[in-house]
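What follows is a single structure, written as structure tokens, with notes after it.
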Amino acid sequence: MSYHPSMIGLDGLAALIEALSVDGFRVLGPTVRDDAIVYDDIAGVDDLPAGWTDEQDGGRYRLKRRDDSALFGYAVGPHAWKRFLHPPLLRLWRAEPDSAGMKLTAAPEPEERFAFLGVRSCELHAIAIQDKVFLQGPYVDPHYKARREGAFLVAVNCGTAGGTCFCASMNTGPRATAGFDLTLTEFTGEFLVEPGSDAGAALLARLPQRAATEADIERARAVSERTAASMGRHMQADGVHDLLLDNLEHKRWDDVAARCLSCGNCTQVCPTCFCTAVSDVNDLSGATERTRRWDSCFSVDFSYIHGGSVRPSPRSRYRQWMTHKLASWVDQFGTSGCVGCGRCITWCPVGIDITEEVRAIRGG
Amino acid sequence: MAKPPRKPKLAVWKFASCDGCQLSLLDCEDELLAVAGAVEIAYFPEATRAVLKGPYDISLVEGSVTTQHDAERLLEVRRQSRRLITIGACATAAGIQGLRNFKDVREFTSVVYAHPEFIETLETSTPISTHVEVDYELRGCPIDKHQLLEVLTAFLNGRRPNIPAHSVCVECKARGTVCVLVRGAAACLGPVTHAGCGAICPAYNRGCYGCFGPKETPNAVSLAPRLVDAGMDKTGLGRVYRTFNPVADAFKKESERHGT
Amino acid sequence: MVPVPFRIAKVIREIPGVYTWHLKSLDGKPFVYRPGQFNMVYQFGVGEIPVSISGDCREPDTLVHTIRAVGPVTNAMQQLRAGAVVGIRGPFGRPWPIDEVVGSDLIFVTSTIGLAPLRGLIHEVLHRREDFGKVVVCYGTRGIDDIMYEADLHKWRARFDMHVHLTVHSAPSGYRGRVGGVVAAIRAAQVDWPSAQAFVCRSETLTRQAVDTLAGLGVTKDRVWVTLERNMQCAIGLCGHCQIGPTFVCKDGPVYRYDQIEPLYSVREF
Amino acid sequence: MARRTINVDVLARVEGEGALRLVVDGAVLREAELRIFEPPRFFEAFLRGRSYTEVPDITARICGICPVAYQMSAVHAMEDALGIVISPAVRELRRLLYCGEWIESHVLHMYMLHAPDFLGYDGAVEMAADHPGIVQTGLAIKKVGNAILKLLGGREIHPVNVRVGGFYRVPAKRELGSLRDDLKRALEASLGTVKLVAGFEFPDCERDYDLVALGEAGEYPFNAGRVVSNKGLSITPAEYDAHFEEYHVKRSNALHSRHVGAGAYLTGPLARYSLNAALLSPLAQQAAKEAGLGPTCANPFRSIVIRAVEVVYALDEALRVIDAYEPPDRPYADAPLRAGIGYACTEAPRGMLYHRYEIAEDGSILDAKIVPPTSQNLPSIEDDLRSFAPGWLSETNDRLRHLCEQTIRNHDPCISCATHFLKVEVVRV
């Protein structure tokens, strides 16, 4: 079914946030905190980062003033939506000794439904990838499912590409094409809104608006084209699957291992990385609680089996990460594990650049 | 699960230290009475006058060895302990008092004391593991009380303590803190520092100063230029690695690399 | 996924450090699985580890695990007595491809604890004995005290329709059985090499050695089946720990056809 | 009566390691010697050459029980040296942080270390078996003190948030507000504590102490004020060295301190209260009155009552700070580096803590001097023993030993602090 785009103003955006919270959603969106644009609870338009942008490069992020008051005039920040759909720390169950031996109680799933405001195209792709991992395989992750179902996604077409973005080369942006309920394209003080689902169309109908003209739509397309042309990074992605798997002993792995801190930041900021570890904690009363937390293939214990770690060297751990992202992910889930958001480049303390590493391996 | 017939005996020993790590046990306000219920507190002078004779099932050892008398006392502690767990940076990596190892102790003594001849002290501050076999080393200056409880329950249940050796960054990200190093707010040792504190410092808008000591496979050499970008000078680099864990291998090497 | 409580009905000490549990679910429900699958076995308050199911899948009322004490969890489990309750999640993983090998001669190659994951398969093969050609078990251990499942071996050796080549690495003088490596035992097997299917269950290095021996005799690598071991936490392909390249050992394995896994096997620290 | 030697090899329920040696000859006390065998840690020596920015974190490690005190004295001394003027909001937050430490440390001492003396137990855990309610109340109040430290400082022990000029990060109003309910509950409970400890039996032991504390600050003292005494002293912290001197006793790893020309003096709750009682909040004053405290107090056994009153005050004060709090524009103030000398005294739970630093132009420390409360109190503690013990010589060894221990514990000595300090022990000859 096809939907009709509309134009809304700032009042319309305010009405959108209002309507979502009236409908019982916990509205999450971009806001400024600790000199960065993070995703957090949003009460209204005032919480959005008006007039801010970011400068990003390998290992570097700086918030800067824009010369206008755009609300979405920056690229993606340190947080990914996965922290809400796939939380960093999750209680799974509790076991207590009882007369039968033990009693196990699963931790309840939260009842809140999320509305995400300002989801970028790369992030929509990342969510779609985690959907594949957690929902579309032989096993479903009930925790992800409980959070993902009923989530309302308001996308924003990027008007500015960040210094480390390369979605254009991954075919994951900058224009949102699927997986959203509504998508916004920002002009000064005005937004083109395009529904992507019945729920989105229904919500749009409740907002103050005017019908979009051909010219509005054309303008929005131009925004995306301009953004695509200004990508900070480029990844030559064709054939990268075979390239990496054919070069598992390439000398570049040693080179990157000398720089890599094996700190795990890249895996934690990546919107698609999904690995977790469980840990059981007993209290002294004899009860045990199992929690699950984000893990990282950069830690030694990640691959521990009796007798030692399978990947003791940082070299093998970096190689695991990158080949998983760009190659074995394709075999596992039919898609690349990288959406070109650039977070792993920006938030790597030493600025290791996945596009550069691919280039180096390609180079010989 | 069958309950052990008698409660395991717990002893808490102190060597050169600030008492902070053993205080962590008394800071477990919600759990202290449960701990006291699960173990027999057999020796813990900071908490009780009562003294039960060894051997002890678990000994927690705080502090580093700085006197000949302590070195001898430690041997006896080890003899009396089935499991010996060191708690904190002093016991594990010599602690702040380990700074003497890089200086002339006689000069130190004369700075502090009017009559240096009254003071009996060794030239160096050494970790417990230099003197006796250690069953487990818990990191931190001070240790994290939840980790202490985890180690105790793990030993009581005969399992491996769940104490990850990865970087502080992993905890920092879980906490949702925006990296202070990347956003240019501070020089941060998080990427080379052992997790456990919960990434407190970055959450308080400052760089980690390494109080949990080095993580597994630390790469301080690669981090150094970034710390310089963030405002640390060469002597600062040398100093920051030589503070609370001065003899931890990776930190010691890095500090020496900067000429300290 | 929450573990389901099972009670240990019986503990059998196989050899020093190796024990077998017979488990019954508390709710009495049968445990349905296929040979080659594994469970996540949880000892209350201690930890959870992957363990192959070693029983006879036609007796779903009894779940059988054989465990070797190597570390904290497996050591703690060794202390458990009949009556203790443990948690079970499973069954997980792909079973041995029994239907794919119908009609062929079968050779099982394994050593010490490696017989545990194969035992259920051998039981099933014997239940369907007429579906297969010759059946040969080559089982090697270090010494005569390391021989597991002696009752089974005894029964199997007594059968006319299968051969058991039991070999020990070293034995006291006067020992009448075969002494030497498993390789020699394989060579001694009399199966139709060009069509035989092999099941190998040993450490990664010894697996390679067995595969080479079999290849020399004409068993191509697409007829060799192995099981792999990796760190596992969720056992359903969501935690990421058990990856070897494209494969998740927990859900794509632990049973693999050797030719498909060999390229990954040969990369160091992969 | 024969010569008796009483040794308390390890003084229990004090922070750090010390011993007591009493030598009793018939009915005469020959010797009362407190020995600190906590090994020396040389803080003053290795602070030399470190940057002034590191000092608050390093000196915190002198003592895990009162790290905030070391951080407070250190930052104030640095600010004095560098001419940094802190904002009123930072001043208030520092008061709040100190409230947290007083609550945590006083409650630890009262409930876990000192009360068992009065109720006849070896320790709090043993006491909990018969009086679970008392111990649980203590733990609950202590937890609130720790909650302040954790929120404002990042963690209870060795907080990370204190820096020269202010804080690395200041809390939002809402964050502080989250403490309010727990503080109110603890305040309620702390009034009960005053009643409880006021009901203990106290030996009739008064002494004419030279009581020294911060005062004349217009507020019950934490971080500001002059150094005053009940004998008429009133000086600035910068003049401290001219009036007080440390001396080194044989076989002691702790330095002792004396009032020049006057000898032993006492800092801590007794002094603080006797010099500032009128500045307590009305609620705390009321509690003091109901507990039978006069405007001054010279019985060290009653120090537990004063601690209880100070806990009421600290909880009350914490609530006041939280209610009035507006976050400052900047979390910290700074000033250009310069060479200089800075002095500061602040009120650690155990008493006054003096720091002096000489800073070079590049911000490195040239010289450091730290005089912890326990060093200052040691001579008075020994004097307490000398004046009280002769009256107890007819008691059994056990009882005598216990009374002497209690005499020491009255002052909550922190031997960890004191070492840069000595040795202690007791004997009947």
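Note that the chains are named A, B, C and D in the order they appear, and that numbering of residues resets to 1 at the start of each chain.
Here, a residue touches a chain if its C-beta (ideal position, glycine included) is under 8 Å from a C-beta of that chain, and two chains touch if they have at least 3 such contacts.
This structure is a prediction, so every number in the text was calculated from the model and none was measured.
In the absence of chain B, chains linked through touching fall into A, C | D. Common neighbours of chain A and chain D (chains touching each): B.
By count of C-beta pairs in contact, A-B exceeds the other of the chain pairs A-C and A-B.
With centres set at the average Cα position, the gap from chain A to chain C is 41 Å. Rounded to whole angstrom units, the spacing between the C-alpha centres of chain C and chain D is 66. Chain A and chain B have centres, each the mean of its CA atoms, that are 37 Å apart. Chain B and chain C have Cα centroids separated by 44 Å. Shared interface positions of chain C, defined as residues touching 2 or more other chains, are 44-47, 71, 84. Those residues of chain B in touch with two or more other chains are numbered 1, 157, 205. Each of the following residues of chain A touches two or more other chains: 97, 277, 280, 282, 286, 313.
According to the touch criterion at the top of this document, the contacting chain pairs are A-B, A-C, B-C, B-D. The touching residues of chain B, counted against chain A in their complex, run 1, 31, 34-35, 37-38, 149-150, 152-154, 156-157, 162, 164-167, 169-170, 173-179, 181-185, 188, 190-192, 205, 215-219, 222-223, 226. Looking at the complex, you find that chain B touches chain D at residues 14-24, 26-27, 29-30, 32-33, 36, 41, 44-50, 66-67, 69-70, 95-97, 99-100, 103, 105, 107-109, 111-115, 118-119, 121, 141-142, 144-145, 197, 200-201, 203-206, 209, 211, 236, 239, 243-244. Against chain A, in their complex, chain C makes its touches with residues 2-3, 5, 7, 26, 44-48, 70-71, 84-85, 87, 229-231, 233-234, 236-241, 243, 245-246, 248, 251, 267-270. Within the complex formed with chain B, the residues of chain C that make contact are 44-47, 71-73, 75-76, 79, 84. Considering their complex, residues 92-93, 95, 97, 100-102, 104-106, 133-134, 137-139, 141, 245, 248-249, 274-278, 280, 282, 286, 288, 292, 295, 297, 302-306, 310-313, 315-316, 319-320, 323-324, 327-328, 331-332 of chain A touch chain C.
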